[in-house]
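Here's the structure, in structure tokens; my notes come after.
A, B and C label the chains in the order they appear, each numbered from 1.
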Amino acid sequence: MIDIRQKLEEIGAFEPHADDGLLVCRCEEVTKGEIRKAVHEGIFTIEEMRRYLRNGMGLCQGQTCGRLVKSIMAAELKETPDYVEPASARAPMRPIEMEILGKDQGGAYE
Amino acid sequence: MDIRRYDMIVIGAGPAGLSAAIEAAKHGVKPIVFDENARPGGQLFKQIHKFFGSKEHKAKIRGFKIGEELLAEAEKFGVEVVLNATVVGLYPDKEVTVKIGDEIQHFKGDSILVATGASENMVNFKGWTLPGVIGAGAAQTMMNLHHILPGKKVLMLGSGNVGLVVSFQLMQAGCEVVALCDAAPRIGGYGVHAAKVARCGVPFYLSHTIIEAEGDEYVTGVTIGEVGPDWKIIPGTKKHFDVDTICLAVGLSPMSQLLDQAGCRMKDTRGGFVPECDAEGQTSVPGIYAAGDVSGIEEASSAMIEGRISGITIAEYLGFAENEEKESRINELEVQLDTLRQGMFAPANRGKKIEKTEEGIAISENLLVKGFVSDEEIGRFPGVTKQRKIHPVMECTQNIPCNPCQDACKRGCISIGSNITSLPVVDKEHECIGCGLCVASCSGQAIFLVEEDVEPGYGEVTMPYEFMPLPVVGEKGIACGRDGRAVCDCEVTKVRTSPAFDHTNLLTIKVPNDMLMKARFYRAKKEAAYD
Amino acid sequence: MNKTADVIIIGGGIVGCATAYYLAKSGTKQVIVLEASKSIGHGGSCRNGGGVRQSGRDVRELPYAMYGIQHLWPTLSEELGVDVEYTQKGNLRLGKTQAHLEKLQKLADNAKAVGLGVEMVDAKEVQEICPYLSKDIIGASWCPTDGHANPLTTTLGYYKRSLEMGVSYYTDAKVAMLKKVRGKVHQVILTDGTVFEGEHIVLCAGYESRAIARTVGVDLPMTKLIDEMFVTEMQPHMFDIMLGTASADFYGHQAHHGSFVFGSECGYEEVTDMEDPSKLYTNAMTLSASCRAVMDYVPCLKGAKVVRSWCGWLDNAFDGVPFIGDCKDAEGLTVACGFTGHGFGTAPAVGLMLSQIVHGEKTVVDISALAPNRFKPNK
């Protein structure tokens, strides 16, 4: 069980850093500062962070930024990286055109 | 809906995937292998260097050759490989959807092997998104598969084997590697790989990290700085280099998404997000297996063995092999795998600071920080002996599982013994005939032939040489030491090429006798002198 | 760690977070929200298609659906300090056959009868409203006051804001049972044994509410079924309207981001059987079927690349509308669940009304038709 309020008190207030402008998620252009700030707003999991800021929602689905976001969040939470669970993986494994997906011999599409 | 069923579906036609399919096919299983690339072989085809290990590990064979052999074997056993086939989804009931051409095809497997390998990690620093910042693996693909030069002046970040090997290959391709940098205090890869790079004159900056990549539209320069124990940059340590390319070799992460999607229990490790597997690669979902880098980053040699282990396991699971057969084959394979996992760089030793070799010799600190064994340290090692007549000088100073040099010498001059991580020993009693086979057979390019008094006051050093254009006999140039700095002028006396050497040319230079234990690399005079 | 509160909310989805927010806003000092998973909004709240609509609803839902759109959604971004991307540009429900049009006409008439503006439009008008649609569409129903929003930022926005206002949140806090103390539902006991105590318990945990309510003898008749969605990569801006079809082939819209979000079904949803429902597996058929459904009506998207698909469980109430209100036979317990796949748009209004119910006030609109104990046998 995680007491969000207590954790927020433990980690203290958000302090701006010189490298807050650094891009972390290239696909969706999410910066380090945005991620760090979001942690202080109560966003503790990658699942939540992804939905809040869109990191990991771009074309590479987090393949590039996943590790980086994980370690930034864990550092902000004053924990080791394994405190933050990786995001789930779903089909399709690569971006695929709708018309190709639609051709699988199922249904009535011609 | 047309769903085709196969005994075994393999996802990824790299070393692990193909090896597994071949092993299973040998027992009558009919596997199908899907790969999203236009060519099979995974990372093997861009590995132009000679592999380490022992004969059964395909030591001294170049990666792409191993790839060719694997493909031939796959064809021989009728393994169906479908290229340009992207697996789009893997479902818990072992159904697979694959994009082939402009449609999706459905397949069901009685067993599935996921061998999708890994992808490169990134690090953040100011300017990391500028064109010119690329993964070392990506640079390797560009150069070695597509024959495109990634850039002209490169800074390499990362001193693991990938960083070291790719740095060398960048130079072979014609790039200038201005520096190799790593935030760690010691080089993470093999000393012999580092030595190859250092003697070309590439400076190593350990305990340094990239502060900023400069440039408006693309990389034009980079600044690095030394990090203190608190990971903060130490004031006054900034160094700037004009580069157009920054290669990142900061580790790989398994591409295990399909396994996660299929419901396999996963574990979050320092080496990435991997499936929980038993020793045979069986995941928590019965019938779904994982092999190779996707189950934990190692190297191609271990991926192939893991593939074979999974292959025989799957054959038995499907009823194509008996349990005894499986057990004995696995025992055989596990011995091979175990051998690879020995020595200084064994997984068990990760993170430990090894101070002495198995023989009790102090490891060269200079090698670990600067990339070369110093003149004072080199004499410690059993491969380095003082002889006047021609003899091999083996600058192999760390325990790694590798022994092709032993078999290369037909005269018994070199011995390693049954423990293949042992340092090679040069036996003075045996007569070296200077054939040079040992020099060419060493995947680490760590063997030299040295002969004193070829003419009064001068001796010869024969070195492995894999750069184009080859020097010509009679050419005058500069001999460089292990640190890449000029030690003296020299003359090229022999240039030998032979099919038996497999593209490792033997370059012999004449130097004063007192330079014989220093001169280890050659530069033509017309190149800018290093210092 | 505080385990006692004025109100304990079970379920960290949008209804739970919105309720927490409106309670905090109206002065309730101690509010605790318990979420079973590790993430706020893990369930349907962050998996749905973002529709904020009045049309196509059961008449019992219309009053509060309209209330939310008129009074809450327009200023929500400002209020929460998060861009909820509320877009009120209308909802076209498309038809390709006469039978479709008849169905849509009936829905439009029903809507008009209760004061909601829904018109039928012909093929030409459909193209005028949205020139990206298939020329095979012969007509549609058009509700100009419907729209869509971003369920991810809305849910997390309510969470963030209520956290700022002093609400306590516990994640990875799975509720095992409720317990009455002196005849009133007062204790919430987690699977790890931790006991929370509240004057008032609000249960809004989707399908999981059923098992929890059962521990104090309250039955919420609903089943669960799975639904899938997918999202494309960013596209150039095309349209802001919400789309649906008469035969429920698909629904969806283009998000502010530029990507298209669509949901559809392949017919397998009611027989989907997962060994472990928490795994949320998509199946191998629905994504392809969904693409076909969308391309049938929006053919220009055939080259759009899908980057991800996902699924979520629907808490399917027996009569298709949620259970909202006090439990008459379990004093102290208020429920809000069974939203049957269309709860997102009404969540702000539901959250507000739940806060009113807790305070003992009259709700902004009458929701007695949604009483939790309304099930009656058919004979």
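By definition in this document, a residue touches a chain if its C-beta (ideal position, glycine included) is under 8 Å from a C-beta of that chain, and two chains touch if they have at least 3 such contacts.
From a predicted model like this one, the values you see are computed outputs, not experimental measurements.
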item	value
Chain contact graph, described as a line, ring, star, complete graph or other shape	complete
A-C compared against A-B, more contacting pairs	A-C
Chain whose Cα mean lies nearest the overall Cα mean	A
Euclidean distance of C-alpha centroids - subunit B vs subunit C, Å	53
Distance from subunit C to subunit A - Cα centre to Cα centre, in angstrom	23
Interchain centroid distance [CA atoms averaged], subunit A/subunit B, Å	32
For subunit C, residues that touch 2 or more chains besides their own	282, 285, 287-288
Multi-chain contact sites of subunit B, meaning residues that touch two or more partners	1, 89, 97, 104, 106, 261
In subunit A, residues with contacts to at least two other chains	61, 85, 88, 90-92, 96, 99, 101, 103-104, 106
Subunit C-facing residues of subunit B, complex	1, 89, 91-92, 95, 97, 104, 106, 261, 263
Residues on subunit A engaged by subunit B in the complex (per definition of touch)	19, 22-24, 26, 32, 61, 63-68, 81-82, 85-86, 88-94, 96, 99-101, 103-106
Touching residues on subunit C, where the partner in the complex is subunit B	275-276, 279, 281-285, 287-288
Residue ranges of subunit B in contact with subunit A within the complex	1-2, 36, 86-89, 97, 99, 102-106, 119, 121-126, 128-129, 253, 255-258, 260-261, 266, 268-270, 273
Subunit C to subunit A touching residues, read off their complex	1, 38-42, 46, 152-153, 155-156, 159-160, 163-164, 168-173, 190, 192, 194, 231-233, 257, 266, 280, 282, 285, 287-289, 291-292, 294-296, 301-310
